[in-house]
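To keep things simple, chains are lettered A, B, C and D as they appear, and every chain counts its residues starting from 1.
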Amino acid sequence: MIKKVLIANRGEIAVRIIRSCRELGIKSVALYSDADRTAMHVRHADEAYHIGPSPSKESYLDGDKIIEVAKQCEADAIHPGYGFLSENAEFAKKCKAAGIIFIGPSWESIVTMGDKISARLKMIEAGVPVVPGTQQKVGDIESVNKVVSEIGLPVIIKASAGGGGKGMRLVRKKEDLASAIRMAQSEALSSFGNDTVYIEKYLDSPHHIEFQILADKQGTTVHLFERECSVQRRHQKMIEETPSPFITKELREQMGKAAIKAARAVHYEGAGTIEFLVDANRNFYFLEMNTRLQVEHPITERTTGIDLVKEQIYVASGNPISFKQEDLVQFGHAIECRISAEDPFNNFMPCPGIIRHISEPNGLGVRTDGYVYEGYEIPMHYDPMITKIITWGRTRDEAIERMKRALFEYKITGVKTSIKFLEKIMDNKDFNDGNYDTHFIEKHIDELLDIHSDPHLTTTDMALIGAYIDYTSKLERIGMNDFAIAAKKNEKWKEYGLMKSLQKI
Amino acid sequence: MIKKVLIANRGEIAVRIIRSCRELGIKSVALYSDADRTAMHVRHADEAYHIGPSPSKESYLDGDKIIEVAKQCEADAIHPGYGFLSENAEFAKKCKAAGIIFIGPSWESIVTMGDKISARLKMIEAGVPVVPGTQQKVGDIESVNKVVSEIGLPVIIKASAGGGGKGMRLVRKKEDLASAIRMAQSEALSSFGNDTVYIEKYLDSPHHIEFQILADKQGTTVHLFERECSVQRRHQKMIEETPSPFITKELREQMGKAAIKAARAVHYEGAGTIEFLVDANRNFYFLEMNTRLQVEHPITERTTGIDLVKEQIYVASGNPISFKQEDLVQFGHAIECRISAEDPFNNFMPCPGIIRHISEPNGLGVRTDGYVYEGYEIPMHYDPMITKIITWGRTRDEAIERMKRALFEYKITGVKTSIKFLEKIMDNKDFNDGNYDTHFIEKHIDELLDIHSDPHLTTTDMALIGAYIDYTSKLERIGMNDFAIAAKKNEKWKEYGLMKSLQKI
Amino acid sequence: MEHWKKRDKKLNDPTQFRNTIKNSMALDIKIGDREAHVQLIKKEGSKATIQIDKKIYEVDIMMVENGVYSIIHEGKSYNIEMIHGSSPKNYFVNTYYSSHELNIIDAQSRYQQNRNKDGLNNGDKIISTPMPGKVVRIPVKEGDQVEKGTTLIVISAMKMESEYKSPADGVVKRVYVAEGETINGHQPLIEIQ
Amino acid sequence: MEHWKKRDKKLNDPTQFRNTIKNSMALDIKIGDREAHVQLIKKEGSKATIQIDKKIYEVDIMMVENGVYSIIHEGKSYNIEMIHGSSPKNYFVNTYYSSHELNIIDAQSRYQQNRNKDGLNNGDKIISTPMPGKVVRIPVKEGDQVEKGTTLIVISAMKMESEYKSPADGVVKRVYVAEGETINGHQPLIEIQ
């Protein structure tokens, strides 16, 4: 078994990995950038080393430095978490060369699945359905026209090396095709240094449904059922649930088998996720594979009882998966909400800052995976996600009711968060009916952003009373002098300084 | 369905009940004594009413006042939680008379099970094994001698109205019998106003194992398996787990059936617990019934998925239990540790005080049910229990590892707690082997209290560094003047005042 | 035992209460379109009598955690979270049932508001951000002629880039920061004249 | 990149470092039977050089939460929780791996310690409790002759009653509290002469 794991990550996922290491009796090593000395993962780990300045490129993305630290502190293995270096084949290769176990698939699997065209080809070869489209780099306009006339409009142009919506163009009319391809190619070149693009049929009301898989060195590959991830905003998942209210038992079996086939096709090892698009008629198509742990893995853990990080460590150590496919059940229903430090009512503007107060929800059926705490300053350098709430219920309805209760209980001051927006989704009728696809947020955005109630209700007056007491008691404490200065000089800087001093109270 | 529930309790159980009410869309009403204005249950509830001074007798035990508040705020039902009025038949009767639903069994069931002799008789009648002993009030010494010669020494003398170890005497030698009975009678009279005592065989290495039952008005009675509660200190449970590592599948079935029989015998309604003693040969005996929710109910919730408070509310509303006996499974293993504000290393002296900082454990498989928060002052008037940690694992080993991890993560400053003591139990070999009975703590007490490690280790030096920095930086902040005064006047009061001012920093 | 009885009183002459007040400050607080006049009438321990416009509230209010207040009013339990907005006078308030943006309008803000209304302030267009971040790009320099909508500065925070555009036609009077620089929220970045 | 290298140095002459210190106070801290001499040698931001007896530690120390310190020493991450004991100089310290009771011995405590040793303090037996509670019963009154072990007062806190007994034979000199009274921790209750 692995004895010491270096976690090449930060935030909630680093804390989450450290937790499983501790339960297994494995030593954990944290890394921290300048911004992260007081971060939670540093406090939870057995060891912690400074890795560089705050920007990710100079710290959490500096693979050579990370491997150097791993060697010095004699870590057997590196867990990359998600994001940062987790899907970096080069890094996985370097770990191997340095004699350190990379907790993830081989670098070859990462390469194959990382390039979308090669992944599509592999899947077709393995008999896994892919979205109709080209199998190779798009060339002259005639061949493009031929493909489009076969699969039909609308189509989507995608960068083979792409991700995050960059180098993507939706084409609904034939006359826009040529220019869309040129634009996609140029965007792909500037974003990824590679202008290879390909064409896929655009599915109109798709569900984004993914399957968790696990594979060991002994040749066993299992799936841990699906996660429904269609509640997205600009390709960013906000809410995930399992089981999917959309798919049937038969479809689940078919897709599970396809997911295992997909993983076997690239000789996959460890934990991975096969993402599918499922159209309104329940046809499913391979979209891509994430060759790492996903943000939303806890909902699978809650319904199956399997600790996915522990399984990753078993597999990386050369041990078999600790259970059999036939022993797995989906026990009840789980939902995850991602909570970010952002202002949904101001175009989801990120809100880094100091947490003045936080109380997280608790009790039956509630798990939170977070990393911020009172007095902690959320750095501006990294992702705005601060916590994930995972609720479980015997039924989907119970899981939703529990999520509402959990969001109600979640109290945080100091920074703005997405909580109110998530509450609106939980109250939405279509969501409650399980009647949604990837257009859900777009479709309901006006309703979801409408949080202001009648300004003449008693609750509003209570808010006024709170503000009155808070403001006047602060004035008493800091004295009026600062205000006088601010008024006289009338400078924004003073205003800011004053705000800072008020926040410190 | 019930629409508004008044919770006649405080602390973690009040918060826990409010959570389930919220999930069901039921309004919750909190009560608070003078000491509890800022308590968590007041903040979680929809409504909150002041009920009286801090001592329980003048507030949480004042049944008439509570019923008056329930009427005024138009609550349909009262949930008594555990402790306080939960097993008070008179209160249940008064609720009924006032037209308010008492969430619990009928007052008649409480009366029957509350008197230990009448409960024993009922059980014998129903064919549930009881500990060998007398069936009635103990009278002249001859009949006592006869009973003792039948069941054999040692025996235990118990007060029929008893509880909490009062009016109890263990007798190992025949010549001590007469005086032990006299003493038990006199103690019973002064404690409970009733000198009725009876005799039971004393089991030498018993397990304390209880079964959760649920019964509805439709006549269905089910059990939700067992809880192993043998880790006790002076009849106070500290750690509970389910399934019990001691009992077999066959025994579980037999005991489950006996528990259902016991509940049916008193026409039980709602949630209740049948406590059994199980001897080293796996013979089991009815001990008593708790006609309320238990502190340790969450471990049953975690392994079965059933929300017991919701079921209580369904049943009290006249609805059937929401599941069938045959649908229930024990999914994995759950353990609960009770965390109290007490000093295990100073004879478990209670430690009320102000919470300076608290962070509760979280992540996969961890639930906490608590009620204290940063800045909250734990009142001296009530129970010292502040939180329960419940961990779940696929196996008992995983649940234990996770509990260790959770206790490790639990950080609290300002008051002393039992955490270190619980950690020592989790590290104990016998506990890990599942090899323990009710004498566990007594047997291992020296080892469990030995927490002081070598004072020359690096960790000790880190503690010294922490103390040095904390103390000197506080001196800097408060200035040296206070110290000078304290030194000059040399009064304990000054010392105290100084400590207070230091604690406020 | 009377705390659940209705206590709100509609007053014909709200000023009659004013006489009893000593040091309590009256504040105007803007919430949506409404401007509420709020004043403390009496406070004893956690019990406060507060007048909002013509309505009198008797509440039990306590700050239970940093920025979190517990209010009990006619038996109802309210949890109020005060989140600071862009200035100390700007609050975002969650009551669990609703969210509100509130602005305290004191003499100073009133004065500034009036100044702005009178157009005295029209040369004063300073671009700033509500949150800290890093300057990615400044596509303009001092002296540049810009149109309304021209991108003046691109700020990155938490993996997201935001563009700030000119609010009007004008000239870049001053650039306070440089590309690559780390900035605080509410810091002046670029001034347009 | 050198932070995991061993930096402890055994010194022949620990005083050689003292010259570089300006305002740092030396403290003697008692931990079990050991009395450690602790002194800050240098501090720059969160990096501190601290000498404990003859050993020098270079640590990175920060108070991350109220009473909770994060220390990184040679790469090892320590979480230190400081829990106040019966006086501001008494700490109960959890390091996650162990628990320790520590007592700061400064000049004042040293003086008192010596006074006690010299027997100057023998008329000074004041009974008090470490925690707040309520006086249940006082079975003695001022002027009573008591023996060592006689119960002087019974205090209740959190449903538990504790008896406090006389530490020696003597006379009840003063009773500071009455039955039913609520008391604070460390408050004088009864004085025995």
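Just so we're on the same page, a residue touches a chain if its C-beta (ideal position, glycine included) is under 8 Å from a C-beta of that chain, and two chains touch if they have at least 3 such contacts.
This is a predicted model, so every value here is computed, not measured.
Asks: Measuring centre to centre, with centres taken as mean CA positions, what chain is farthest from chain A?
Replies: So the farthest one, by centre of C-alpha atoms, is D.
Asks: Identify the chain pair with more contacting C-beta pairs: B-C or A-C.
Replies: By the number of C-beta pairs in contact, the winner is A-C.
Asks: Roughly how far is chain B from chain C, centre to centre by C-alpha average, rounded to an integer in Å?
Replies: 47
Asks: Find the geometric centre of each of chain B and chain D from their Cα atoms only, then give the gap between the two centres in Å, rounded to an integer.
Replies: About 33 Å separates the centre of chain B from that of chain D.
Asks: What positions in chain D touch 2 or more of the other chains?
Replies: Expected reply: 65-66, 76, 79.
Asks: Scan chain A for residues touching two or more other chains and write them down.
Replies: Touching at least two other chains: 44, 359, 373-374, 408.
Asks: In the complex, go through chain A and note every residue touching chain D.
Replies: Chain A residues touching chain D: 29-30, 37-38, 42-50, 68-69, 72-73, 373-376.
Asks: Spell out the part of chain B that touches chain A in their complex, as residue ranges.
Replies: Residue positions touching the partner: 15-16, 19-20, 22-25, 44, 298, 301-302, 305-307, 331-332, 359-360, 362-370, 373-374, 392, 394, 398, 401-402, 404-405, 408-409.
Asks: Considering the complex alone, what residue numbers of chain D touch chain A?
Replies: Touch list, chain D to chain A: 1, 3-4, 46, 60, 62, 64-66, 70, 72, 75-77, 79.
Asks: Would you tell me which residues of chain B are touching chain D in their complex?
Replies: Per the stated touch rule, the residues are 341-342, 346, 349-353, 356-357, 359, 374, 380-384, 408, 411-416, 420, 451-453, 455-475, 483, 486-487, 490, 492-493, 495-496, 498-499, 502-503.
Asks: Report the residues of chain D in contact with chain B in the complex, numbered from low to high.
Replies: It comes out as residues 24-25, 27, 29, 31-34, 36, 38, 40, 48, 50, 52, 55, 57, 59, 61, 63, 65-69, 71, 73, 76, 78-84, 87-89, 91-100, 102, 104, 108, 111-112, 126, 128, 130-134, 157-160, 162, 184-188.
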